[in-house]
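Going in written order, the chains are labelled A, B and C, and every chain counts its residues from 1.
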Amino acid sequence: MHEVAAVSSRTASKAPSATRHIISINDLSNREIENVFDVAQSYLDELPDAKFPYKIGRSTNVASKSILASLFYEPSTRTRLSFESAMLRLGGQTITSADPATSSAAKGESLADSVRVISNYADIIVIRHPRDGAARLAAEYSPIPVINGGDGSHEHPTQTLCDLFTLKKKNRGLKNLKVAIAGDLKGSRTIHSFVYALARFGANIVPMAAKGMELPAHVDRRLREEFRCDLVPGEEGSIDALYRTPDEPHQPALFSGPEFAFKLKVRKDKIDALYVTRFQKERWNDKEQTYPKIDAKFLRGDKYAHASVLHPLPRVGELDVGLDSDTRAVYFEQAAYGVPIRMALIALLLGLHKSKSLNTFEGGFETPSVRLYDQPLALGIRCANPNCISHEPMEAPYVRNKFYVLKSDGRAKLRCVYCENDVDRFVVAHKKHKWYADEAALPTNMTDEHFKDLVVFANATEAEGCGYHSKKASAAQRVSAKSG
Amino acid sequence: MHEVAAVSSRTASKAPSATRHIISINDLSNREIENVFDVAQSYLDELPDAKFPYKIGRSTNVASKSILASLFYEPSTRTRLSFESAMLRLGGQTITSADPATSSAAKGESLADSVRVISNYADIIVIRHPRDGAARLAAEYSPIPVINGGDGSHEHPTQTLCDLFTLKKKNRGLKNLKVAIAGDLKGSRTIHSFVYALARFGANIVPMAAKGMELPAHVDRRLREEFRCDLVPGEEGSIDALYRTPDEPHQPALFSGPEFAFKLKVRKDKIDALYVTRFQKERWNDKEQTYPKIDAKFLRGDKYAHASVLHPLPRVGELDVGLDSDTRAVYFEQAAYGVPIRMALIALLLGLHKSKSLNTFEGGFETPSVRLYDQPLALGIRCANPNCISHEPMEAPYVRNKFYVLKSDGRAKLRCVYCENDVDRFVVAHKKHKWYADEAALPTNMTDEHFKDLVVFANATEAEGCGYHSKKASAAQRVSAKSG
Amino acid sequence: MHEVAAVSSRTASKAPSATRHIISINDLSNREIENVFDVAQSYLDELPDAKFPYKIGRSTNVASKSILASLFYEPSTRTRLSFESAMLRLGGQTITSADPATSSAAKGESLADSVRVISNYADIIVIRHPRDGAARLAAEYSPIPVINGGDGSHEHPTQTLCDLFTLKKKNRGLKNLKVAIAGDLKGSRTIHSFVYALARFGANIVPMAAKGMELPAHVDRRLREEFRCDLVPGEEGSIDALYRTPDEPHQPALFSGPEFAFKLKVRKDKIDALYVTRFQKERWNDKEQTYPKIDAKFLRGDKYAHASVLHPLPRVGELDVGLDSDTRAVYFEQAAYGVPIRMALIALLLGLHKSKSLNTFEGGFETPSVRLYDQPLALGIRCANPNCISHEPMEAPYVRNKFYVLKSDGRAKLRCVYCENDVDRFVVAHKKHKWYADEAALPTNMTDEHFKDLVVFANATEAEGCGYHSKKASAAQRVSAKSG
């Protein structure tokens, strides 16, 4: 039996805590996102002609002593090249491993080892990986900043920064905007990062999923519970459902101004922005999937009359080429922001910017004091998401069963540290007493001393398979033994 | 039915017209080619020891604010690496997508979209693609200069610049030179760019094709009609056939001098340069093809006694390794010129050179006022070359049926804007009157107003399939109806 | 019949002899290795915080005019990226061909041609190739320095420099150290370079091979004969076998000091360093091979109590992840030295360092005046190693049957110039007299005149197949003819 190490803070990293990693959009506070935008805008302002298409040039040399390592385990053109372009525009340099078939992964090296080695060759790493949560694992082993360039179906935070920045440029603010998101809401990592950010900045989200590609249950619940969105079905005539963000006095209102308030009044029942996503064939077996096609006909009418059309690209048919010359189409401009946004993020992560900075604590939008449940892979409950990096055999020696302990409807729930999928039902066992409680009960107000003795199983059968006995039964037995 | 947009100038680009692209060798005027050579030579002159093998070093920093994007959809070593080396030698930087399997092309992104996105990350693009005309398509969608690094069997203009520069260094001039071209004249894109340039500078061309690999019909006819070469069969004893360039007073005579005139007299009936090409297995199904092998025995005798031997490399057996130490072998020197030539071209395209420049009009050796026939892909005649980029399904939303309208033997002919293959026989229809003319008749002196109403079909059957009727038959019918 | 060219010096290169290549660790003298270490240490000393993990930054700009070409025909992450990082840290630039499938190798280009072309685009080349001896072939054709980044199972000299540097940092010296080498001693190129270096610096080597993966015969014999190691079986209790290096007054004692002598006394019968190697699945057919696993249990006890644990990485199971936090584990630090070591080597090879330098003669630890046997591929004996680059069909026009003529037990033996495998048994024939000697007899003290007339065959049968007759038989025949 392996020993369980349970720590009480969210900081699960083995790396020095001063190192900031950007794995989820929620690793950045609202204030930090605004800093990224300010710095990005300053790069644009320096241009002789600050209009799209931009001619950025190399306006600065601040990163002249730094190297960015691109570590891509999945195909990419725009994310990798825009990161590399951004680093070069800052005066820095790049090293690239873009093809797993020609890297040490082909020899069977784990991601954890690769990152530890490459962190000696560079100053910052951008990583893309087919597994959910892979970037978080990489960050745990890296002494230098890791940026998530897309991990499985989990998140793609720098894409979201470009998306938000585009919305800001087009709409001057995000509060109360109605943003429709169309297509694959299930498998699209850009959508997952995006909806959290929309909710945080007070925008309303209109989900328009392709059949069977609705938002994953854990994302939906997180929007409702953590980001306090109301899910309003069939509201406002033409709009079928809507995540309505709460109107709280302390809610951040990014870049909102008087013009914005005015706009809102005249745009009732209208979509301000339509975010289209690619049909990701590589993640779906059924190629015959019906998928919404956005074209001029779809956008006809009042509802979309002033809607910006966004797309993270590449597109493969779901967004009609005929729209390219439509003034509502902003997706190429959105792609162009990849460079200044990533320049800003790199400069801030490396501490190269004079007047703006990121906080140095281990990131997170949520309060950082979440209890961590942490035990070896061989013991107890595992993440239920089969695409989670914790299920990659090559990484087995490097991952643990690690979950944040959160409250949901008054009950404890577990969230995988890597892929952020949630577990609601489980049983809690006591390593010394050898009993387990039939009901999930993982008190968040326990002392560390007591918490260390607990182990969680997926259900009673697993607990019993490991030699644990039902607490109720034991008590009954003891009673019956006594009375017997 | 889609609308047909017909424009009257050769400028088909959607990009700002001030942007110069180098897709064909004919996009550069003779004067511009001389400028490229002057700038390239100036880089060589700066070297401490200006002899092959050159040690170029970084002699300049003019491109320090610029990024070259390499976008390669086909294998390459020398073209990609020499472009990247050239950019670095200029003080610039590079970003690279060298493997379609790890790029967004693997996700099904079109070339047109990729180029539009990448043009935000770089200042100049070099592209290689397996489809004829792909580089022209890319240029149509790029706001930054695109250089063709080889597109299918179409052209490879920067290789031709290296070839001409080598000939110039070895022979001091090109006028009246006899240049033999051996091997695959059909599939070799380097040959196609090369023969146009030879003809333009007054060199005579001796074709020595492998069986079944003769110059394509459209290249042959273009040499004869546009470049006014005489095709002389069996002339001058040992030489079987020859494209003899006309001796016109206004013909450009690149770098010719008094020494050169002298040389010519003594070299009658001799080959001045032999250009050998690779057997491109990847473009031929029949691997058992017999192919000429150039070795010491072949070069024995007076005919080749002073012939420089060139090869664009790589070689795969058609050029004997034993020749490497022969003083006539200049192919490694030819490869070395790849760096200064490409440095010069990049510097000129980016406007980084002080005293020399390229013209800013949309390029072309031919007069730029050629009428363009331009209609949607769904309507009328399509390019007959199955490897043309216009037949790539992924690009279907981005290409149109676009042809230059040219004269040939007094008749109109169409030349595909992308791959430059010609169409001689077609029928012309009138969209309003709904008739078609049995004979190809596309007057180049029509007003734009009338031209807009025309649509071209491959033949009468196609026209009738689209609901058009023979003009002659209609007239006859009308007559018969009247008389009936 | 081809002519045989035999030269009398070891310099077989076609490149200018002033160009230094690092193909084998034995291309560097002990003094030169110390220079590399001094320069590497100087880069570390300049850091604000000179402790692992290092933050190297760009401390120098000496290579600002130079380009490194990475030419990798086999997967790599750490070797390629650390070379590229090193070049960038020196202020230089890089061009990369990391995937044979997207390079001209896919078109069938030979390594020899590729290197000759790329040497025009860069100032120094690092090469990795699956064939033994490929890097030596590349060096023969390159006018610029070539560094071997790993060639088949032959050598990996820059890895050895990192390994030695790590041992030096951890043990202050190498003389009399006991270094155990575990795992695949047969196929691991890092091991082969490593053991030569250990022997040269006076360390003792404890071989702990996996079954069937013992040191190759030619490496074993070279250790014993050239480096004068005693192979002591079962010595010193727990240690089963040991290559004990001789204690000679003129033997180099790298970095040894008084502390070191003291340490040795207390460490009798103990291992000072344990070097673990990866099970290279790609070189073994039998995946079921048993392989030693090094973990905490294995390292328990006095023997390994103070042993540094090294591994060239990547690891795939033979080195337990649980050791990572053990203070004896130095393999990530070892990986970190890849950058300063390769910075130093590049700077020295390019002559960019002020106070330190490499000698300019064609390298070699051994005396440089070894006789070279050199004849065309079609004639006589060929290297017996099937993975030698001399057996690669694509390279056939570029390689020759080239062997150093060495003495072994008073007899001549041949060592392949490319892969350094030895041939002990052969017959020597005389081209003019048409006889062959039954016994291998290749006098090293012959005049060049006589040597040129000799040709070597693998055995009598081959010699006779080429029309040679036994000298003894001939003599007997002549006698019998005379007497007859």
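The rule is short, and it goes like this: a contact is a pair of C-beta atoms (placed from the backbone, for glycine too) under 8 Å apart; a residue touches a chain by one contact, two chains touch by 3 or more.
Quick caveat, the model's predicted, so the values are computed rather than measured.
Novice: Could you tell me the least number of steps, going only between chains that touch, from subunit A to subunit C?
Specialist: Counted as steps through touching chains, the separation is 1.
Novice: Which is it for copies subunit B and subunit C: same residues on both faces, with over half shared, or different residues?
Specialist: Comparing the two copies, subunit B and subunit C contact each other through largely different residue numbers, since under half are shared.
Novice: What is the distance in Å between the mean C-alpha positions of subunit B and subunit C?
Specialist: So the centre of subunit B lies 47 Å away from the centre of subunit C.
Novice: Touching at least two other chains at once: which residues of subunit A meet that condition?
Specialist: In subunit A, residues 96, 99 touch at least two other chains, as defined above.
Novice: Quick one: which bits of subunit B touch subunit A in the complex? Just the residue numbers, please.
Specialist: By the definition above, subunit B touches subunit A via 64-67, 69, 93, 95-97, 99, 101-109, 113-114, 116-123, 143, 397-398.
Novice: Would you pull the subunit C residues touching subunit A in the complex into a rising list?
Specialist: 53-55, 57-58, 72, 75-78, 81-82, 84-85, 88-89, 94, 96, 98-99, 278, 280-282, 313-316, 320-322, 332, 335-336, 338-339
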